[in-house]
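Each of the two complexes below includes subunit A, the first together with subunit B, the second together with subunit C.
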Partner chain A sequence: MNVNMEKSAYENFKDISQDEHIAPGTALCSGCGGLLALRLALKVLGENVVIVNAAGCFTLLSVYPFNPFRSSWMYTAMACAPAGAQGIRDALDILIKKGKVKKEDDLKVVVLTGDGTANDIGLQATSAVLQRNLDFYYLCYDNEAYSNTGFQMSSATPFGSKTNTSVPGGVNPGGTAQKKKDLFEIWRAHKPPYMATIAPSHPVDLSNKFKKAAQFKGPKLFITFAPCPSGWSFDDSKSVEISKLAVQTGIWPLKEAICGELSHTVIPKFKPVETYLVAQERYDHLFHPVKQVDVIRVIKEDIDHYWQPYLGVEPLQDQS
Partner chain B sequence: MKRIRFHGRGGQGMKTASRIVGTASFLEGYIAQDCPVYGAERRGAPIQAYTRVSKNPILERGVIVHPDITIIADETLLDDRTANVFQGVYGGTITMINTHYSSAHVRERFGISGKIVTLDMTDIVLTQIGKPVLSSVAAASASKLTGMVTRQSLKEAIVRELFSVDIPKEVVKKNVEAALICFDRTPDIHIDHSEPMKEDNTFVKLEYSGPYLGTPSTYARGNTVLKKTGNWRLFKPVIDHERCSRCRACFVHCPHSCISLDTAGYPRIDYENCKGCLICLEECPKKVILKKREVREW
Partner chain C sequence: MVKEMLTGNFAAAWGARLSGVDYVPAFPITPQTEIIEVISKWVNSGVMDTKFTNMDSEHSMITAAGTAAATGARVFSATSSQGLLYGCEMLYAVAGWRVPFVLINVSRGLSAPITLEPDHNDVLSARDTGLIQLHVETCQEILDTILMAFRIAEDERVFLPVLINMDGFYLSFTREPVEIPGLDEVREFLPEYRPGHAFFLASKPMAQGVAVLGGSVYSYFRYQMHLASSNALRVHNEVAAEFKSIFGRAYSAVEPFKTEDAEYIILMTNSFTVKGKDAVNRFREKGIKVGLVRLRLVRPFPFQELREYLRGKKALAVIDQNISPGSGGILYNEVTSALYHEPNRPGAVLSFIGGLGGKDISLAEFSFILDEMQKSVETGIVPETQLLYTEQDMKNMNNFLNIAGKG
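Presenting the complex of A and B:
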């Protein structure tokens, strides 16, 4: 398999910048995993950034008259953050051409959305800008539901988990019956110059990916794992721990694709996925009052189906 | 009619508290109405919830401006202008605050009218339930203060409401125990007003203004520091700098940008804004960050 082994720009925590681009005091939940990923990403992107943020939890970062950013930020409706980014990019290009904005004052345009926006209502606007090869970044924080409005199921909600619109019981004891949409593969089909998945528990991997993306012109797309203490029901202190478990069990692959060419940046240890599931109350129904072996088996098989083409044929997760 | 207003922070359970009181009163044969109000903010932000209980049909709706009973489940809201916890408190209000301070201290500090009751509910839930969820205990105190709800109906209402949101049996049991302790420790005082406050029904009419005026713009950089979210904290992370190896794990993983490094490379916590998530404590490989229960002075 193709594992990325070239020497990296970031090697350890000492390489991570001490500059903060999001001030403390935001309205986001204590322990928000997505916020940590954004904070780390902005440390690499720097200050010359304009964020285009579609409605969701992160639009509460800036609530009038408060603003945590050192850079610019604009709010858009759910469906149209990429269209907003197109407008800003075009405006900047024209102003630079006319000499009204200096080239060194140019801004990186960054779309920031939740998974609901990215997978559902904002998908076609994204597809359109990918096809137009817009020069921008997209950071989707995947908290696997519509969190801001009370944790309803999105098409990124994982099979077997509980949301407030896929409550386990009756005909659906397993909770969410649908499988998580593979947004990475949908985006990859457009063959953008750079795309990657990241996780807040892997700050060095995350930083290297943003650093690497900077050399490409065109769409640079990121999906971050975003542990959500309120929606997934776990203690605020466990966000990073749960993110580590997601990577180590193989349920959240860390990868990148350059012009559609895929490689993994971390090979998981394939810890039993139960260690990940039991850490969150949104999977409680799979273990209490009786263990739902069938549902858990499907989750394991899906991890195997994902990894086997890259790693071989042996089952990676104990299927018992 | 009794009007009860709950104040807490998102995640503490005030919405459920208002429902439990509604259900308990309903079980006693009263007509009840309950609803929460929260702005577009997340866990930790100030929220309110209302319960109205009456012998007769309730025609009133919406915000309770003049409460007969106010439950302030989080003492850090007392000084928070946006939470406005004493709004509309009058001679007939019983104000109940979750704090270790006495009611005399509250009276001296805030000079509010009506009666004041205090009880350290957080202490009770931490011992009985092990988690800072205040829904059942806040409901218990409110129920007692109405003088309309018995222990039995309270118990039944807690079981019903918590089961309906899938709380496991053991946890429901602990909630009932904690609630009954609170019920018993809440004094049996009532104010029976022959003339209850009338809610005013004035409407604020907002004129249309164009997008240049109507769209808010903020030009300040990073002014959320002024929000001082340090008062969200229940436990405080404290670094033992003597044993710290300066590995930076805590600094790197704080989601809220509350850890910086001093010139010698030691981590320093911004307590004015640290929300107390304790990710730093979890991630410290040396285990040299300790947690301390916040006991606030005011």
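Presenting the complex of A and C:
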């Protein structure tokens, strides 16, 4: 197991800046885990950024004439935020080279997309900027469905969960029959200089990763776990708790890859995954009216299959 | 002042080079590809101080063009046909962002069936996107129009991207003598771009392309685009006048050809106009008073100018090199709506579809058009939309049908 043991820039919560770069009172749902991750990320990235947004939940961050950022914002469309980032980066580079823009006016270009965009309609444009080694940040807020449209299945939707286009019923009691796409590994195949998964429940880990990423020129990619109170159906005060459970049960591994070389930054305690599942209404059908042991077993096996190559051969999840 | 034999594609590349563009995002598609190949060579050899990026699709390409323009770069790009349609979502977006840049469409018939040669369904599918549209006839006009297009796009009264159409094959791969103006003259006409309203700077944060909630906000911004596009007619004419004073070549929104004393007018666009003008000359030799009007500015639509050239004519024939299945010619509908309230409008306005997928329009077909106009004037009966298709065309087609077992 390769655990990152370097001394970190952020040792504990108190090291995180108290400066805020997003004003409160946005149109996003209360308890949005993705927004918390973005808020923490911007504390490291600072003010000199231009966010290139793809259509999704976060589109509602900037609704005319309001904008919660101190920095710049460019709304593109669903499929093409990375291409939008390419245009801005290329323009800044050539304008700085020609002396039309001052070096100190340069900006970090940050793409913001949901999981539907990152995994589905925007995957081509993402792959392309990775191949072109575009110098930018990418933050995917993974709430595991098309949440802004009312929670429909995306290819990041986990097996066995309920969405409004994979509703459990008599023919298909398990809900989502497909497995979640492994976007991290798709990205990693491109060998970008830096990529990581993060979670809003782990702000120190998150901050260290953004800090570390800053030293690399090229794509710096993040997938944040984004608990979604309205889509996953849990109380909006529980987002951080849900996020913590996801990490502790091993269902959301916290990891990074530098030029494709993978390491985990948090080794979970492997709490039984049921503790995570029962906390959200989107998994209710797995426990009521009857417990769907086969579906739950597959979820556990998938966690085991993921971790075993890194940790050994013993089953990690309680198989009872 | 140099005059060279250039293809339309090469002339377009020269237009971009002389305009001093900062950025060219590119994606290949026949018959446009030569434009980006030439620019790529010039960028790599150092004669163009331009950032050139090979993109992954036209959707991405138009996005990158738009965001680079939103950052303050002077941007040029080119596409064709399927590519323009693939990027169509972003055509609406970049127009709504109100960013100036210049995009060439090298027209090519749309699939299905897939083909390579031109008609204008591709560019006219972008008719309602908000981009200014200029359709050119010659290789010289491509180069000149690119220089003018940056002036129009970057004008504060407009701030919209400009789409320039030239025909695939007939212009893209046809060499014509083209005068390449000197850089000093060009800079006098088109100075270096200093954006006042498009930037992303650390010292000046800006939000662009933001969402709106509610129809009143949306309507406001959408109608602003209409007003800005309408302004582009006046701006075009000012820019064209200045262009003429520096370079000596005159361009207008609507180009008249022997219209003054004409009784019959043929209305066309793009490179096939050359065929139309030749036909007009032949008819004139026989003493028939025929003229031609070429629509150069398609968006904004030059209603007033058209009326002036068409007022009092016996008949007008609109040749649409496009087809709106179930309706007919796209431009026919626009031209007739321009004439509806004109008291002295032509007695008959006929609709012809011709040149689809690059099919030739021969002199015989122009003669047929003239006959039909004369007949309509005599009988007062105006025929429905007609396809220009000769007996020889049908004969060739029947051969194919026989081979395909469908004869």
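To be clear about the criterion, the second predicted complex is superposed on the first by the 320 of 320 C-alpha atoms of A that agree within 3 Å, B and C clash if a C-alpha of one lies under 4 Å from a C-alpha of the other, contacts with A are read in each partner's own complex, and residues count from 1 in each chain.
In this section, a residue touches a chain if its C-beta (ideal position, glycine included) is under 8 Å from a C-beta of that chain, and two chains touch if they have at least 3 such contacts.
Treat the numbers as computed from the prediction; the structure is a model and nothing was measured.
Superposition note: with subunit A as the common reference, subunit B and subunit C are in steric clash. In the superposition on chain A, contact of A:G114 is made with neither subunit B nor subunit C.
Of the two partner chains, subunit B and subunit C are each touched by A:N67. Contacts of A:I94 after superposition: subunit C is touched, whereas subunit B is not reached. Of the two partner chains placed by superposition, only subunit C is touched by A:A125; subunit B is not. Touch criterion met: A:L36 reaches subunit B, while subunit C stays clear of it.
Contacts of A:G84 after superposition on the shared chain: subunit C is touched, whereas subunit B is not. Contacts of A:P193 after superposition on the shared chain: neither subunit B nor subunit C is touched. In the overlay built on chain A, none of the stretches 8-16, 44-52 or 206-214 of subunit B clash with subunit C except 206-214. Shared contact residues of subunit A, touching subunit B in one structure and subunit C in the other: 59-60, 62-64, 67, 69-70. Against subunit C, in their complex, subunit A makes its touches with residues 47-48, 50, 52, 59-60, 62-64, 67, 69-77, 79-80, 82-88, 90-95, 97-98, 100-101, 104-107, 124-125, 127-128, 132.
Remark: subunit A residues 13-14, 16, 18, 20, 22-33, 35-36, 39-40, 57, 59-60, 62-70, 148, 162, 167, 200, 203, 229-230, 236-241, 284-285, 288 touch subunit B in the complex.
Residue ranges of subunit C in contact with subunit A, taken from their complex: 22-23, 25, 49-51, 53-57, 59-61, 63-73, 75, 89-90, 93, 199-213, 217. On subunit B, the positions that touch subunit A within their shared complex are 11, 40-45, 166, 168, 216, 218, 220-229, 232, 247-249, 251-258, 260-261, 270, 272-279, 281-283.
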